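Think of it as A, B, C and D in the order they're written, each chain with its own count starting at 1.
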Amino acid sequence: MTSEAHSESGPSATLPLLVRDFVDSQVIPREDALEAGERDSWEALRDRATAAGLWALPLPVEHGGGGLPLADYLALAELEGRSDYGPDALGSACLLTVRMLDAHAQRELRAALVPELVCGRAGSAYAMTEPGVAGSDPAGLRTTAVPDGSGGWIVTGRKWFITGAARADWVLVVARTGADLPVRQAFSILAVPTTAPGFRVVRELDVLGAGGQYEIAFDQVRVPGTHLLGAVGAGMTLAAERLALGRTLRALRWIGQAQRAVEQLARRATARRLGDGYLADRQLIQQLVFESELQVRSARLLATEAGTLVAAGAPARIEVSLAKTAAARALSTAVDAAIQVHGAEGLSTASGLPRLLRTARAARILDGSDEFHVSSTARRLLRDYSDTATMG
Amino acid sequence: MTSEAHSESGPSATLPLLVRDFVDSQVIPREDALEAGERDSWEALRDRATAAGLWALPLPVEHGGGGLPLADYLALAELEGRSDYGPDALGSACLLTVRMLDAHAQRELRAALVPELVCGRAGSAYAMTEPGVAGSDPAGLRTTAVPDGSGGWIVTGRKWFITGAARADWVLVVARTGADLPVRQAFSILAVPTTAPGFRVVRELDVLGAGGQYEIAFDQVRVPGTHLLGAVGAGMTLAAERLALGRTLRALRWIGQAQRAVEQLARRATARRLGDGYLADRQLIQQLVFESELQVRSARLLATEAGTLVAAGAPARIEVSLAKTAAARALSTAVDAAIQVHGAEGLSTASGLPRLLRTARAARILDGSDEFHVSSTARRLLRDYSDTATMG
Amino acid sequence: MTSEAHSESGPSATLPLLVRDFVDSQVIPREDALEAGERDSWEALRDRATAAGLWALPLPVEHGGGGLPLADYLALAELEGRSDYGPDALGSACLLTVRMLDAHAQRELRAALVPELVCGRAGSAYAMTEPGVAGSDPAGLRTTAVPDGSGGWIVTGRKWFITGAARADWVLVVARTGADLPVRQAFSILAVPTTAPGFRVVRELDVLGAGGQYEIAFDQVRVPGTHLLGAVGAGMTLAAERLALGRTLRALRWIGQAQRAVEQLARRATARRLGDGYLADRQLIQQLVFESELQVRSARLLATEAGTLVAAGAPARIEVSLAKTAAARALSTAVDAAIQVHGAEGLSTASGLPRLLRTARAARILDGSDEFHVSSTARRLLRDYSDTATMG
Amino acid sequence: MTSEAHSESGPSATLPLLVRDFVDSQVIPREDALEAGERDSWEALRDRATAAGLWALPLPVEHGGGGLPLADYLALAELEGRSDYGPDALGSACLLTVRMLDAHAQRELRAALVPELVCGRAGSAYAMTEPGVAGSDPAGLRTTAVPDGSGGWIVTGRKWFITGAARADWVLVVARTGADLPVRQAFSILAVPTTAPGFRVVRELDVLGAGGQYEIAFDQVRVPGTHLLGAVGAGMTLAAERLALGRTLRALRWIGQAQRAVEQLARRATARRLGDGYLADRQLIQQLVFESELQVRSARLLATEAGTLVAAGAPARIEVSLAKTAAARALSTAVDAAIQVHGAEGLSTASGLPRLLRTARAARILDGSDEFHVSSTARRLLRDYSDTATMG
């Protein structure tokens, strides 16, 4: 299978079917256990994914990944994302961190860390957001890394809404290394082992009742100089790089969940009798199907376009923002419609829909709020149109 | 206070302030405990409400209520409803059941039941909805009450999404008493003590993770003939009567919660610094304020109009449906906006907003789904316009 | 009739029916001729309105008006407004100007002008907006009135989108009289006869193809000091006063046209066969009815609330803005729905709907754009909420 | 140029720029004259387009067209469509008719007609819609073609909303040839010269004030048997074929006009000063840009997907419907936004925006109303999802 995934002739035609089937039959039925963090469930899934040749598909083949080029992985990202737990269950959740380490970590750190992450023996987290600072306002970040006088750094500060921090062995932290420099040069990224003295998980934060996000503290944590990623001051450049792909992949995952919601909606509408017909015969129900499908397809085309550009190395800021916003909306629309079609039963945890609703509501805030994307993208668009007009 | 509440000169001008203050300072800070069903918290609140002269304001004064006429109570219903637990904490949640018993129960039952309900010593539930039957499709109800041969009835069937059933001492159940009759004459309402053999709470149902709704079963429960409300076959007429007021009051409560969300939004927007200004300076935030306020005020005017008609005895079906729909939307809009303005913190249970989101999402399904109201109200409107045109 | 209109016992119960019937049977069928400015049609209508006792209902009875108090006129304003030409045809279009003159004109001017306006022998226009200046930005206005050294003024400048300027005998012009003063004290209002040398109608402006709006120029027009309204520098105060009522009345007229569109929609939906049923049976059509009706009723309640406050002398800025915005939206929604239900025929001038569409589209720009109202009202709301919180 | 257009190596990279530039610099500035039907303007444009090698790009090269394959033409269709008059001015408006004749006309008719249409010497119209029959209800069509006993047909009936009928030399008419057959086999298409006795242009219909659409009558028009397209009874099949491509091309043209509106919006927003900044600095204006761009890009991706499928011979009903609906909405959104940003000036004909508004409003009705597409597409989607579920 591994050989299939990175064969010369492109990704196997059956790979999408296999991934989709794995997520639908293995991951989705276990979402409660996975959310509860049951270690057995997680490990059983990893073993099954490995046996099925579906483990870590977009990760380097030399470390045990599938070796799938990023451009080929995009279509699979949606399918893995049909469950919020899919990417973790299939070993591709560490893709962003592995790419960052591959490109920017010093040799020794890279050699020690990447294989562990790819095979799932080590977990990692990425720590940027801070309490009391809007996610879209990097200038407000206050965590610092100051030289310890012997080539290393001392990290002090607090981060929150850090996904998976409690299970992480390493945290990549964005810290201010240049007090008076412009934002673009003021930050650096350091890899911090969670066993380092001074590192602490402060508390779990809930997101509409679900866990998995944490507040963490760095209390004068010493980090050797070899743990610096890229150059001193290059943090924001590295972060932006990661962000473009990160947003695109999350957008694809939201589209996967939106597609799942549309399918669940359709099943209910065609199965549910009402008077002398079916729910599916009602135009107001048909409208819910139509609007959901239209938004899901639009978001998929936009996210695929953005992903293709990002995979080719373009910054694609406008495309990524449009894709992110469209995907979050498509998920909101499709989940809301699916709940509506299920009536009171759709509000029940047993339907699986409240979990999707949680992701949907958070999607319009995380990864840059709607308002941030609307305003920053419009300014970029206006500048582009203005430039074109001047040149034309 | 009681004397104030039903004084000749109309409701006291300070009553709204007192109710609002009670809910904001006593109920809202205890919502976690109340949701968890902590008996101490509930009882402490009842005592305080009674001491403050705010207990059971719209209920008959001879049984310990405030004696406020329905028309005067409307404005207070919104304020009590600022918390989902307000009406229960202030003793007015039993208003619909007490009115039904007052108007239709046989003397003995009424005398036994009403004072207990008003003073909060007994709890009640109203059981209409059934598993697998759309709420808007009464023809599909299958619970039956058949004569037991000695003037009583034997009730068999299953109901679900029954609020407060686990704490209820009595359940008013809508049961089919005429197999082949048209819907309007096919049902009757019976008061069933929850201690009766054959009555059973099957399970708690969650609504987006919250409890308080139950599935209950009647397994050949014997009910004496004196427990019949109104005439045999009058069930749907009584239910429709109850529904009109019930929907209006719930609409007012949703508006109360929507107003609370707008206030919380405004507090955050004016307090939160962002760069060189405040969130409140951003037009996209201002738009969230504007749209929420517009919807809340519109819904309030519509619900007040509907309530005034209902209090005067008019069926007001169009007005009630428009008010219900507008209130559910206003709540959805305002809570969504408040969450958005709070960012990731708004997703956290600590902000109180996820609880409002739950109510908001359920509001578009409960009490007749949006789709039901749109379609049934439009048909009524088209008929009215058509009649007017013909006459004109 | 006049006696009826201002009788002690409030407005006659039949007055609304009479006004509505007059507009529907006399004005609406002649809209093409009225739009073309056919003098015969206008005069014939005035005679008929006078004969029916419906002329100038809210205007002072001593000058030939109906003497209806403002609060009583509000309900009629919607009915007159069912046609854009209704207020002119019924002699109430000059209400704003007459009120302004009554309150602020010097005695001689008032005596000369008011009776002429009320009886319809003279026409007037109100000139504030200027080319190249956003309507919401009074600071940008550049028309000036400078003292002529002998107690009079010399007016110079250009105004546009001035309704009815070509038929006006008098123009009330807002001109800058204090160059360096803050906006609140920088402007004055002067009554300029259109026969004055230097006054000129530059061109007719089209609004989506319709005329009736003009660009006008003041080229050193001399105006005697007796033509000043109120005090020097009081212009913006007078303008704000006029604006509050003006916006409310226009909102009511838009609601009248929205109601007319809903009725036309309903007629078509119930008359039009489609396959084995009627358009009215389709849920997507029912939805158009429901949403239109909901918006129209909401806007009516908001506008009535605003109007009642304005009639009582309150500034009611928030209420007026909400009413204006809601009315413009209700009209847009209802007209759009009516066109959609009529299909291609709804696009045809013969259906009357394109004329309503024109008004609807303009309504979201004129009288303060949506964006202006959203932003300015939200800021006011945030301030109010903030004050309340501080006090509370 | 012609050689460029159909070169082996695909369409020239500069072709899009040339087309766009031609439409922007030659067609758009002459829209008033073209709408007025000024023959000189039309002919001058045709000569210029021919000289520029841009005439009839997607039409057969042997008849004077550019020979561009359909798949390559799709990107140009949007650019030609930046003006409603672009396709006519560039000679590609007859594409649908030429393809129909090429595929289904008898040899003689094809030989006589196609070259005339391609070079622009003859005009044609396509007549399907009838008065009083919903466009989405072919079963209601009443125009008949009955055999004349000598191999020909006698056509009787009435059609309306027939584009360009007054300038047409030929009309392709859809007529019932099988009274009792199911719709699929009941109709045939005949080519009728507009000089035939009994053919008559009844009147011009306005679409929001614009002309170009006609009602036409066939009063026992005799048509020789050689003018039948395809087989007797194949009319609906041919019509469906034409419709898929027709809808896709019109969708692309609407996208072209939407893109034009976004550009005009951006120009205004960046040029217009307001207080101490520009309109472009306002978040509510930025939102208009963002939402318009998002919809335009989504619609473009959907329409390109649909067009590619249609060009490859797939029916692509779902894709075409989604693209059509999305394009109509994108145009409505972008034009509405552009008008809003221009304020009162945007309502003026001089801004060019009212013309786009006309097209936008009509787009939600023509080519199948929104309601038709929502309902028919949702039913198709529900069927597809249901089939997949059964198979899976």
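In the analysis below, contacts are C-beta pairs under 8 Å (C-beta built on N, C-alpha and C of every residue); 3 or more make two chains touch, one makes a residue touch a chain.
Since the structure is predicted, the reported quantities are computational estimates derived from the model, not experimental observations.
Each chain's centre was taken as the mean of its CA atoms, and the one lying most distant from chain D is B. Here chain A and chain B face each other with the same set of residues for the most part; over half of the interface numbers are shared between them.
Centroid to centroid, with C-alpha atoms defining each point, chain B and chain D lie 53 Å apart.
Chain centres here are Cα averages; for chain C and chain D they lie 40 Å apart.
As a whole-number value, the distance joining the C-alpha centres of chain B and chain C reads 42 Å. For chain B, the set of residues that touch two or more other chains comprises 282-285, 287, 371, 374-375.
Interface residues of chain B, counted against chain A in their complex, comprise 129, 134-135, 137, 139, 160-161, 205-209, 274-275, 282, 284-285, 339-340, 343-344, 346-349, 354, 357, 361-362, 364-366, 369-371, 374-375.
The residues of chain D lying in touch with chain A in their complex are 262-263, 266-267, 269-270, 280, 283, 285-287, 289-291, 293-294, 297-298, 301-302, 305, 322, 325-326, 371, 373-375, 377-379, 381-382, 385-386, 389.
Chain B meets chain D in the complex at residues 282-284, 287.
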